[in-house]
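In the two assemblies presented below, chain A is common to both, partnered first by chain B and then by chain C.
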Partner chain A sequence: MKRIILILLALIALAVFFLQPEKRTLPILGNRDVSPAGDTVYHQVPDFAFIDQDSQMVTNATFASQVYVVDFFFIHCPTICPRVKKNGLRIYEKYKDDDRVALLSHSIDTRNDTVAALKRHALKLGIDTKKWHLVTGDHDAIYGIADDYFSVATEDPDAPGGFDHSGRMILVDKNRHVRSFCDGTDAEDVSRFMEDIDVLLEEQYPK
Partner chain B sequence: MKINFFLPFMSLALFLSCGHHPNKKPENLDLANAVYICPMDCEHGKTYAEAGKCPVCGMALEPTMPNTSALTGEAASLSKEAEQIHDEAMKDLADMNRLARQMKDYMTRASMTKEMNDEFVTTLASMEKAEADMMSWMAGYKEPETSSAEAVAYLKEQKQKIEQNRNDIRTALETGKKLMPE
Partner chain C sequence: MRKKGSYSAIFPIILFLASCQTNPYREGERLYKNTCANCHMDQGEGLRGLIPPLRNADYLHLHREKLPCVLKYGLTDTISVNGQTYTEQMPGVPTLTEIQITNILNYINNSWGNQNAPYSLEDTRRMLEKCAR
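Take a look at the complex of A and B:
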């Protein structure tokens, strides 16, 4: 009897040991190069400078100590954006009090979505500027950076169409690397994406 | 005793597995058209045609009104068609914008004949106009609340506008492609 109990205990110990979840890490996405010195050079989000709903300049430096979620939208979009916005609000709510996370939504309707229009939109959504920047800027600069993000955040880089109306959301780490993306119109995919944000936070902010 | 021991854990598990209540109970519930949803929305908005139990948490499904537009008949299909054309056009718009950037870049570094230069300028202008038209279509478009005859007329007009816009975008894109050297 005693032996059986011992064997059982040993089995339980083994099970506990092997069933421990393996620590997951997110890959660094995008094309990579090898520098002359032999180091791997990963894709980085290029330099940008846009203006948010409070007329503040938003650049790469704004997110120097934050991981952030990128998407593209326009206020008058009748189809995809409302669904993406709903999911964006889920992310916003979850990390509302967590300064390590921010959101960055680019308007692709630079003509109509002025700073004043973005401000009204932000007030309607009830969002805090420091947490969720709605930005506008030079038309070609916004479409250019959309292409850059899209070339990383897609399974098929040759697919027609761009990032700007795909409903895609992407996750960028503190080092300007793209680490994950999801279909912002798909609630389940966004839930998976939010787990990725947690994994990234654990990696970038070790306790 | 055993049951008493597990009960708190079971309720905790239920609590953890389910999200917040998304849909308020509609005041005028038309049961003939209602769909059924888990009160905890375990499956993120998934609805069922018939009453029953949630496959995730086991709670009884509640009737709710489907989350679609109020339009019926011709108005409903017109509005759907207009939105589909819009989504198609948005894909081409992204390609067109990319090409416009390449064309502008090419103009700064290539030596061109005056005719060629003019063609680039005209095409870029038509691209810009097509994009502006798209943005104003969207800013102006409002899905009607009823399916009245006026609503149908409005939707027909809107659909025609967005169709025209989609064609403009395609034409500008094709013209630009022909102008740009490989």
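Take a look at the complex of A and C:
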């Protein structure tokens, strides 16, 4: 009898060991090159310097020890922006007290969305600058960096509100690599994206 | 056998009636999803201090006469909804027809717990005269 129980226990232990789901890892997205030395060089977010709703400079250094979520928007956006903001607020609320995560929203209406306007916007959303930076800056720099985040941002007089952009949210790791993205207008896709954030946190902050 | 046959003929009709019963505002709902829900959201909850709610919004019955014009030509005033102030701009949808406006208004006034008086096509037509352009 004792032997049987022991064998059973051993079997259970084996099953637990082998059935454990494999740890999921996120790929590094974007083009990759091979350096002369033979190493793979991954796409990285380039240097940037923008200014947020509290007139603070926001640069790569701001996120040196954080993973961060990026999107593009403008205040008088008559189409998708409120939905993307609503889903952004889900991320904001989930990681509110977790300093490892931050959010960065770029305005693509650099003429109208001044620092003061961004400040009013943040107040109406009830968000804290330290966690969620709404930034403006040099027009070309903002439109240029959209490419590096694999997002679309163009001025288009025919588009509603005068700008065309994707409602994408992009996840960037501590090493400036893009690791995941989602359609910020789609609540379900954002839920999947939030699981990706957790996967990335486990990878980058091993216990 | 014949009895069974006649039942199965009636069944789809009952189902059809039941589905009408549960959703008398289908056209209004479709229009709402396409033209309003991006801002006011699927459950009419709005977005914090930016976009006012439609669900349980006192504005709907306090400004009943104004609503057709709001939908068609938008709203730029500072307004108060359930005691909270809103200052963003709502763009109107000038292409909406009187019938579409009536359908949307009946949908939002009878969804998410709202129970406000219905709009007839006549009501909408009369109220739109105040903002005719």
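In this text, the second predicted complex is superposed on the first by the 178 of 207 C-alpha atoms of A that agree within 3 Å, B and C clash if a C-alpha of one lies under 4 Å from a C-alpha of the other, contacts with A are read in each partner's own complex, and residues count from 1 in each chain.
Convention: a contact is a pair of C-beta atoms (placed from the backbone, for glycine too) under 8 Å apart; a residue touches a chain by one contact, two chains touch by 3 or more.
Nothing here was measured: the structure is a model prediction, and the numbers come from that model.
In the superposed model, A:Asp99 makes contact with neither chain B nor chain C. In the overlay built on the shared chain, the residue A:Asn112 is in contact with chain B alone; chain C does not reach it.
When both complexes are overlaid on chain A, the residue A:Gly126 reaches chain C alone and has no touch with chain B.
In the superposed model, A:Asp147 makes contact with chain B only, not with chain C.
Which of chain B and chain C touches more residues of chain A is settled by the count: it is B.
In the superposition on chain A, A:Asp198 makes contact with neither chain B nor chain C.
Residue contacts after overlaying the shared chain place A:Pro78 against chain B and chain C alike.
Of the residues of chain A, those at positions 76, 78-80 touch chain B in one of the two structures and chain C in the other.
Within the complex, the chain B residues that touch chain A are 44-45, 83, 86-87, 90-95, 97-98, 100-101, 104, 132, 135-136, 138-139, 141, 143.
By the touch criterion stated above, chain A contacts chain B in their complex at residues 74, 76-80, 109, 111-112, 140, 143-144, 146-147, 160-165, 187-188, 191. Chain C meets chain A in the complex at residues 38-39, 41, 47-51, 88-89, 91. Residue ranges on chain A touching chain C, taken from their complex, read 76, 78-80, 82-83, 85-86, 89, 121, 123-126, 185.
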